[in-house]
Each structure stands twice: as structure tokens, then as C-alpha cells.
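Only one structure is covered here, and it is reproduced in the block below.
Read from first to last, the chains carry the letters A, B and C; within each, the first residue is number 1.
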Amino acid sequence: MPRPPGRRIPARSSDEPLAWILFALMVLALYGAFLFAERERVMGDIQRIFYVHLPLAWVGFVAFGHACWASIRYLATGRREWDVVSASAAEVGVLFATLVIITGSLWARPVWGTWWTWDPQLTTYLILWFIYVGYLVLRAAAGDDPRQARVAAVFAIVGFADVPLVWLSARYLRALSPVIFTSHSLGLAPSMAWALAAGLAAWSLFYVVLVRVRIRLGLVEAVVARAADGREAAP
Amino acid sequence: MELRSRELVTSMGLVGLLALVIQGVAAAGAPQAAEALAPAVLWVTVSFAATLGLARSQALEQEYQAGSAVLLAPVDRSTVYLAKCAAHTVVVVALQVLVVAGASVLVSPEIGRHAALLAPPLLLGAVGFAVVGTLLSALALTTRLREVVLPILLLPIVLPVVIASGAAVAQVLAGARLASLGGPLRFLVAYDVLFLVLGAWLYEYAVEE
Amino acid sequence: MGQDPAVAARDVWRARGARSVLRGLSLTVASGGSVAILGANGSGKTTLLRVLAALLRPSRGTVRIHGEDPYASPAARRRIGYVGHEPMLYGGLTVLENLSLFATLYGLDRPRHHAQRACELVGLGAYRRTPVRHLSRGLLQRAALARALLHGPDVVLLDEPTTGLDADALERLVDLLRELRGRGATVILTTHSPQEASRIAEEAYVLAGGTLRGPQEASALGAGAMRAQLSDGDPVP
């Protein structure tokens, strides 16, 4: 995971090779998802969304973990850079989370006939999305004020602790539809497993690239703000 | 710490509780809900009213900046947090009592009959609500958006409590006995403990200027 | 420990929002001293006092009250009394209830007794059962003072205590502070009036550009000299 570099800002040039690798991986992943993997018996072609949906879900969750970790570091050290990392991770993460919900919904409709099911995964993701939004709202209201930034950081930590609890508690919900969706129940043929792996790699790298760009932008903003304050100022 | 709780409740008592009661009675009276929806009704009412109450409590702290005076005192921030949690728990429990009573009358007498067994899930739920709410209301009211933002922050975090407690309530109303409530109750205890510890640790950062 | 100055701030930096308002500020006040800090609006007087009172943490530098860090040590906080711009009381409780609450927080036994005495000290005896919300501004300030002095602090920090006070109240405040100093307390107040500074304090500093200039004999403060120093290098609010 990218670390805030202190006073240095990561050079744009180091992102170039990454972007190329990403491009290649993405092509691979999409090929794997749509052409290479065998057709799933029960659900048909629509199941291919799964190869995007699951990696997105994984990254979306990890992104928030990233934000939570950065928040902890921010509270511990007070260094602005960590706050930037946290906000960047959250901004990219919410994007992923939104896509997860959309792809999940798109998948649910043809398969189970409803746009939404209250199963643990989707429910947890919806809540995660709300927590993301809550964090971003707090962060946006914070602007340059370190006190508000700290408020947002605290919320990120609380939010992240909450997500597994939401998932656990969702078991107690009586599902509207009797079919409980679990990804493990899908028997994965080898071609499917490869497609999934490619998807995971590609989307993870996608996240990394996006976050690095976002962090770089954020760090530049922070440096400008610090300069405006006039040297030797508090970090 | 106990004295502190009592003082807080006194202060919140008239103003806070009144607001909660009005909300509680009004909301319970409105929907002609069947017994099956009772847990939802209970918790929705409690959630919204309690959120308002928490926001109000925090606003009182900020009215004349009394909160700062507490920070000045030679008391640990964590102790302040725990005292506030205790006070808020008491208030939420009082609210629940009222809501249960009101729901017994307005929704279904079954609720009243099971009151004793309803106590554990509701109590644990109240603790969870208070523990998270105390921390988050301190956060929310430092922002420019003030009380408005508290529900957005609080409700997603508190959802596991509502779900687990609601499930237990539903089981009780369907005739289950205490022993079979083990799952949700254990979950609630775990939740309460986790966020109590987390809150005690984070409160200092939430309140620091 | 008896050698430690009452108040020692070293190289303190603190921002308000995004701007640094205290820049490498240092201040030492010996026990029993009385210091006035002058500065224009926005110069950071309130921030400085709040840092000393442990309401704010300096982003850099140290603060020591009688040798201990008030932010970390409850014992050090116990010796501080702070009166800020806000009264810092609970509106819904009466004066006596407020003071009893804070007496409990400060670990005083027989809190009501101390609360009563603090009331009388500031002349609020008649109002002790009045909810704080119903007090006029002048009385509110007195109540805040009571709260600050309740636990017998030996470091008293006052943020512009003279604003809004009529001549009578001002006299009372001056007497009160003199009495405190007689008991060995250290007093630091902020103000933007050199005249008041010379009445209440012995030494004066000027807060400008994030640091202190001084000390000077407070009695030697002339309005003209003050103005020159105050307008020099102040950050734009």
C-alpha cells in the first residue's frame, strides 16, 4: 500500500509502468471474465458479472481498511499526510462500493427476480456505502481544519469496526427471498478460478493506481496550504 | 462518576425526556402495525427519538461551553466518556420503558405481557446505542452541519444493534424463552464491549480541539 | 518541585484552523507573579491562554504548570482556574448545582459547601438557585469566575475578564485578584487595555506576530508606546 512519503511527493513517472501493467491486466481480466471462463450452468451468462463484482467488493472493503489504518496513523502522529491518504482511499473506495451495489443489483434482477435482497453481503455493502458517505461528508466539511479532520478520522475507525458487525448481525435478518447468496456455494471450475484471480489482480491494481494519483494530488494541496501558512508551521 | 451521571440526567431530564416522550408516543401511535412488525416499530421509535435526545444532550454541553469546563477538570477523558455513556444509557432505557408501555397500549398487549423477557435485549441494545451515540454526538456537533449529521453517522453504525436486538425481541414475542436467545444476546454483549473500549480510546481524540 | 516556575511555556506553536497563531512562543511566570498579556484582536491571546489551561495542545513546544504538563497530568489541572469568553456552565442547572457538580469533578469533599462559598465569594449568594440560563451577562461572568475559583487554584488564567464590567464590578474583580495574589496565587490575564493591565498586573507582555515581547513594568505602560507595539507584525485575523 502506498505510504505517505513525508515531504516528498511520488513522481508521476513511477506511475507510468504501473499504468501499462494495469492496462494489460485489465484486458486479461475482461477477456477472462467474458470469454475464457466457462458458462455457468445455472445462471447463464449473467453470472459473468461476478468476476467484476467480487473483486470490486474485495477492493471496496480493503479500501476502507486502508482509510481506517491511515486514520489511526493520523490520530497517532498528527501528520497531515496520513489524513490525505485516508481521504484518498475513501474517495476511491466509495466509487468501488457504488459499483459493487450496482453490479450486485444488476446480477440479482435476472437471477432472483428482485433488484434487492437483504442478504448479509449486499446489506453490509449498503451500510458500508453509507459509512463511506458519512466519512466523506465529514471530511468535506473539514477542509483545512485539523480538528474536523480528526473527527473524520475517528469516524473512519468506528465505521470500519462496524462493518464486520453489520455482516454478522445480518444473519439475524429474515431474508425476503429464501435464496441466500453466498459466493462459496458456486462451484468454481478452473477456468472460472483463473478469471476470478485475474479480476482480483486487475481491480486491485486499478485501486492502487487511482489512490496514488489521488494521494499525490492531495499532498500537493497540503504542501501549498502549508506554504501559505508560512514555513515552520505545524504539520 | 455516578454523581456526574445524575447531574447530567437532571439537566437532560426535563428537556430531553420530554422531547423523547413526545416523539415516542406520537410515532408509536401512528402506524397500525401488526404484532409481527412490533420489533421494528419499537426500534425505529427508539432510534429516532434517542438520536434526537443524544443530539440535544450534546447541544446542552455546547450551549455555554460547559463541555470545556469538564475538560479542564482533573478527570480523565475516558472517565468523562464512561460517565456520559452511563447517563445516556439510563435515558435510553427510560425511553424504552415508555415506548414499550406505549406500544403495549397502542399496538398490541402482547408486548406488555412479555416485558420481563424483553428487558435483556432492550437493555443491551440501549447500552450499545448509548456507547456509540455518546462518541458520535461529540463528533457530530463539532462540525458545521451540527445535529443534522448525527443520524447519518449514527444509524449505520448502530444498525447491528437494532438488527440483533430486534431479532431477539421478535423471538420473545413469538414465545421463545431466555435460553434460546443466546445468539443475539451474545452478539449484543460483544458489540457493547467492543465499542465501549473503542469509544473510551477514541473519545479523547473526538473531543480534543 | 518548589523551584519550578508556576507557568513555563517553551517554544509553543499552535494553529487556529489552518493558520499558526502562536509561533515559537515562550513565557515564564514565577509563583505569585501577575502578568498581563496585551494584544490586538486576533493576535492569539485566547489561544495562548487555552494552551496554558490545557484546553488546547500545542502542536510543538511544551507547557508546564508547576513543572507538570497539564494536558497529561490531572494533578496539574487541579491547580488551574480558567475564565474564558464563554461561561462554561450548564444552562439548565442552577448556579449552585453547577458549582456542586464541578466541585465533585475537582474531587472536593463536601461539594455543596464549597459551591456555597464560591457563590458568596463572587457575590452571587442571592442567585444561587437561579438557572444559569436566566442570569444576565454580568452575573453570568461572576458565575464563571466562581466556577474557576471554586477549587482554590493557585494558577488563575483570565481571558479578557474586564470586558463588559461596570466600574463597580471591575473594582470587585480587582479586589478579588489582589486577595488571590495575597495568598500566593499566580495570575495571568489577557486584555487589550493597557490601563487595566497596569491596574491589575505587575508585568506586561505584548503578543504580536505569534510571540511575546516583554516583560515590561505594567505600570510603565503608556498608551502611545503600546499602540506602536500592538500594530507591529500582527497576523491579519
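Operating definition for what follows: a contact is a pair of C-beta atoms (placed from the backbone, for glycine too) under 8 Å apart; a residue touches a chain by one contact, two chains touch by 3 or more.
Because the structure is predicted, anything quoted here is derived from the model rather than measured.
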Farthest chain relative to chain A (centres taken as mean CA coordinates): C
Chain whose averaged C-alpha position falls nearest the assembly-wide average: B
Averaged-CA centre spacing for the pair chain C and chain A, given as whole angstrom: 48
Chain centre separation in whole Å, for chain B relative to chain A (CA means): 31
Chain centre separation (chain B, chain C; CA means) in Å: 38
Residues of chain B whose C-beta touches two or more other chains: 208-209
Chain A contact footprint on chain C (complex, rising order): 13-15, 17-20, 23-24, 59-60
Touching residues on chain B, where the partner in the complex is chain A: 132, 135-136, 139, 142-145, 149, 152-153, 155-157, 159-161, 163-164, 166-167, 183-184, 187, 191, 194-195, 198, 202, 205-206, 208-209
Of chain C, residues touching chain B in the complex: 50, 53-57, 74-75, 77-78, 80, 82, 84, 86-93, 97-98, 100-102, 104-107, 132, 147
Interfacial residue positions of chain B with respect to chain C in the complex: 3-4, 7, 10-12, 14-15, 60-61, 63-66, 68-76, 208-209
In the complex, chain A residues that touch chain C: 78, 143-146, 225, 228-230, 232-235
